[in-house]
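Structures for review follow.
In what comes next, subunit A is part of two complexes: it sits with subunit B in the first one and with subunit C in the second one.
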Partner chain A sequence: MRYLLLSALLLSTAIHARGTGDLGVLIERADSSVQIVETSNNTSLARVNGLGDLSHASIVYSRDAQFAYVFGRDGGLSKIDILSATLVARTLQSGNSIGGAISQDGRLVAVSNYKPGGVKIFDAETLELVADIPSTYGDKQQTSKVIGLVDSPGQKFVFSLWDAGEIWVLDMSDQNNPAIQKFKAIGLNPYDALITGDGRYYIAGLFGEDGMALLDLWDLDKGVKRILPNYGRGEEKLPVYKMPHLEGWAVAGNLAFVPAVGRHEVLVIDMLNWSEAARIKVHGQPIFVMARPDGRQVWVNFALPNNDTIQIIDTQRLAVVKQIKPGKGVLHMEFEPRGEEVWLSVRDEDRVEVYDTNTFERKAALPAKKPSGIFFTARAHRIGL
Partner chain B sequence: MKPSILSALSLLVSCWAAADSSISPSRQQYLNNLLIQDCGSCHGLTMKGGLGPALLPTSLKNKPAAFITATILDGRPGTAMPAWRPLLSDQEAAWLTARLLSGDL
Partner chain C sequence: MRYLLLSALLLSTAIHARGTGDLGVLIERADSSVQIVETSNNTSLARVNGLGDLSHASIVYSRDAQFAYVFGRDGGLSKIDILSATLVARTLQSGNSIGGAISQDGRLVAVSNYKPGGVKIFDAETLELVADIPSTYGDKQQTSKVIGLVDSPGQKFVFSLWDAGEIWVLDMSDQNNPAIQKFKAIGLNPYDALITGDGRYYIAGLFGEDGMALLDLWDLDKGVKRILPNYGRGEEKLPVYKMPHLEGWAVAGNLAFVPAVGRHEVLVIDMLNWSEAARIKVHGQPIFVMARPDGRQVWVNFALPNNDTIQIIDTQRLAVVKQIKPGKGVLHMEFEPRGEEVWLSVRDEDRVEVYDTNTFERKAALPAKKPSGIFFTARAHRIGL
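Now for the complex of A and B:
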């Protein structure tokens, strides 16, 4: 009780008159809650409860970086004011969802759904439904699970259909007449996708076959091109205990770093000709492959049974230069905006840890209940995040 | 003398066997966490489905336990369901099946 009063006091005094540039939200996946954290002193400011099933939950920010939109697994879309730490709007928009995006002008929030499959577009202010785009395919009797939803310049959203093997480009510049361009037969089971920081290239990883599907959004007429024919599970087909994520398109110079599917490797792609430049042997099956904002280091976490470990790759030497073991269940990492520190969620140890990226020293540890995703407000101003 | 050593030995052996055939409480805790968190990352934390189908008792009711256990151990080739045999014993997979069928996670 005293704690409650104290935190309420702290909330009304400390959080109110401040900017949001050093704030972030971390997901507590088993507890239907998120924590608001700040990165100047590495502390937790408040908790917001009542957000539903948050496994695999992700977040995008409003353009003023005051509001966080939380996309929950149970189809819940919640809008949180991170300054007052209050839930300001919430809608259960489908049965089963996976991710979301915010439009270039910040007025529309899109959610991608597994069940029933499709994308729904909401007014970012009120969370009222603006458009419903079912992901029907084939004979139009069935809908596909939708993955890899990102925003792209020109009020567009781009996403992929897991069951159908398609990429759709949705143009919302006329809200009343959504225009869809479909690219079919892009490959079997796209599992996730990413967009380059300039908003030009959309790349989907394929689970069902080798290679990746590349779409140049500056030249849609060229269609989808298959790249990296040797990227994938190959002959061996090791069991994949967790789908890799492609969200953090780690780029250093003209090199991009992506997780191999079901292999103990990080692939390096030369973006000048989309060919494979190198393969780096790592400790396990990589999940997230994230570049420090300056691109000099790439941090990698792993699937079971190696999910207690992080490896750090030096992008000039193309080699692992450091390994740390924060604890069981390292699920996600997020760099502070200029990269001097990185936050790691250590799910099975119920804590979040902060590391200095130069010395690799642990700077802080914060208690959190089964933490997963960590999202800082710097994302508000980046295409595709 | 000799028989008593022998019987002590056989007692020891049978103890080992017993320990082997029951899953320790700490391992059970580990398996429970695995089921909710790691199976949950594809099947949903509450097993209502995600990339993989729902694993609620109602969704599994027409499937024999042995079939479910086999699916866990060997996965489903050609789908995203991985084989857990490298990480779990037959017994542990059967235990997970029982947990799923109980619906009480």
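Now for the complex of A and C:
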């Protein structure tokens, strides 16, 4: 009887009843582990191990914000219960993958693969395979790396084929009959993509030529349109130390802020006509260009050798107004959902830092093993994350 | 010992460990109760009683999405733990109140009062009074009803004074020294207000004269600007059966959709220049005009005698494309955070209904006692809700 009681008490310690709205998961890339953190008091709650190669790993959340799906570089898809801090399911679904998404209704998790290419769709509850979409193109003998995978309303997933230069819209409304609409010749080597917060516009950045490829998901008949034709990789031959991320983009009013590839500039796009509105000189090659949730500031981190620095752009003045140096290897940023604080991973210092976005004061520092991506549960409720 | 074990087990039943991301609370206005519901399987989980007069009640959430703050019409402010379904704190803070808000950091809850007027600020943890802001105006002998209270970034609250025709911006950054900036002569009888999703523009609807009052919170020096001068209550003398709500407004791209007061129209505002872009004829006097989270549809309910009907506007075509009749007394709507389903309260039928927003198929119906407002926890992460 004493033993039973102890078990009951232990159980209620392990499965901690609390709201999950202020929780987050941060990737410890060198250690196959993640930390579960909370943003109300800025503390670490638990660690989960055994998640494989987590370089470039990302996360989406279940619709109830109890489970995190971790997409590892080694093709591992892991499902973590963030309340009990346990690994509840894991599948090694490919040899090399990069990124994933969760369907609008939260029932399907999609993973985009480098090797052997393609997209796989899993049941969010069990991680059983629901659909396998090979990324064959041309004479169907080749498969392409898949990048820029996002969710879109109507149980859709949208992604780009690096080798093929195509954008595909996958409709999973009928799980047994996935419907694919393909847009070909969209440009050379799309390297990443973004989708607007309303899920309407999908924009792929091109590495192989100038400009970006825009698809209006509300009007697929119009096809893909080339935008920012005077910008791009093809324009200058600077070495690119690290490919920027388009998913961490920024919108303020009608202006979108995106990293320029291989240039010390942030590009500003006027979303009313998709023209270039401005270029802002920054400290290095931008990697993530992320808006504070109110859109008044944009925070930028950089590739080597400038990855010890963050610059903050005022979106009204279109100018850098503040610079901070958290330490070496600032890899990622995540704003708290209503924007009062931002978390930064400082990989080479084995530390995560939290800043007040009004005063720029450092509010907390948490030890972490080579931290990279930071993901808060508010993502569960957003389109395209 | 047996008793202790039982206690431990009962405790772990009552405090149910689960994610709170898919939870919501619906008001049962005639019964002083609320129901706790979940949107993954569309079921009711629990009921909490003893909440006073809940006509016109509304809710905000704690930043961890474990607690709901219920603002009752009788001045009651109740804090509910939605995991254990218990009332954890309650204060009768005025004689008659209407609405509240929670600060950006989640530490302060504000309530706006009709009688005796003013705004009270409470500690979100304990519900202890932090600040009392009387709404005196003119010769300081009078106090005004306060309406249109919203939160804004930087620990601010913004609200309007019905009797005084003023908008106040309250800065609670320093809790011991609330700072108030007052904008006077903004127009006659502001009746409700909205704030844009980025927390930048505050717009009060005027009941006593034409137009609406716009305040740019990023540039307070510019003062209040009158917009839509050709629209308003003063223009026609139709009887107004029920005051519309501006908080449940809609944005799609650059267009904002708001209910016209006392007219069978939804007004479309071009947010680039704040001019009237269109008027859409609808079935009755609109009450709530709410956008599906992707902004592609706007759902509208109506005042008596048309409150059995919902109309759905396509935001591209600016036309009503669908009409449904859920039953008598459709009082409120709440979209699931990513928009695949919408919940409707059908008061006179003692029922809440859930619809697929793509097919318009009814997916579920739940019994509820005179349901009115429905509020999902994703609100915890949004500005101005």
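Note that the second predicted complex is superposed on the first by the 368 of 385 C-alpha atoms of A that agree within 3 Å, B and C clash if a C-alpha of one lies under 4 Å from a C-alpha of the other, contacts with A are read in each partner's own complex, and residues count from 1 in each chain.
Operating definition for what follows: a contact is a pair of C-beta atoms (placed from the backbone, for glycine too) under 8 Å apart; a residue touches a chain by one contact, two chains touch by 3 or more.
The model shown is predicted, which means the values in this text are computed figures rather than measured ones.
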Check your understanding: Which of the two partners, first being subunit B and second being subunit C, lies in contact with A:R18: first, second, both, or neither?
Key -> second
Exercise for review: Tell me which partner A:Q316 touches in the superposition: subunit B (first), subunit C (second), both or neither.
Suggested key: second
Review point. Counting only touches as set out at the top, which of subunit B and subunit C does A:R347 meet: first, second, both, neither?
Key: first
Check your understanding: First (subunit B), second (subunit C), both or neither: which does A:N96 touch?
Key -> first
Review point. Of subunit B and subunit C, which one contacts the greater number of residues in subunit A?
Key: C
Practice item. Name the contact category of A:M243: first (subunit B only), second (subunit C only), both, or neither. Key: first
Practice item. Please work out whether A:K370 is in contact with subunit B alone, subunit C alone, both, or neither, and reply first, second, both or neither. Key: first
Exercise for review: Name the residues of subunit A shared by its contacts with subunit B and its contacts with subunit C.
Suggested key: none
Check your understanding: For subunit A, which residues count as touching subunit B in their complex?
Key -> 29-30, 53, 55-56, 73-74, 95-96, 98, 114-115, 145, 162, 189, 191, 207, 237, 239-243, 304-305, 329, 347-348, 370
Check your understanding: In the complex of these two chains, what residues of subunit B are touching subunit A?
Key -> 33-34, 36-38, 40-42, 44-46, 48-51, 75, 77, 80, 82-84, 86-87
Review point. Any idea which subunit C residues touch subunit A in the complex?
Key: 1-2, 4-5, 8-9, 11-12, 15-23, 38-40, 61-67, 83-84, 104-106, 153-154, 198-200, 218, 252-254, 272, 293-296, 316, 337-340, 358, 377-378, 380-383
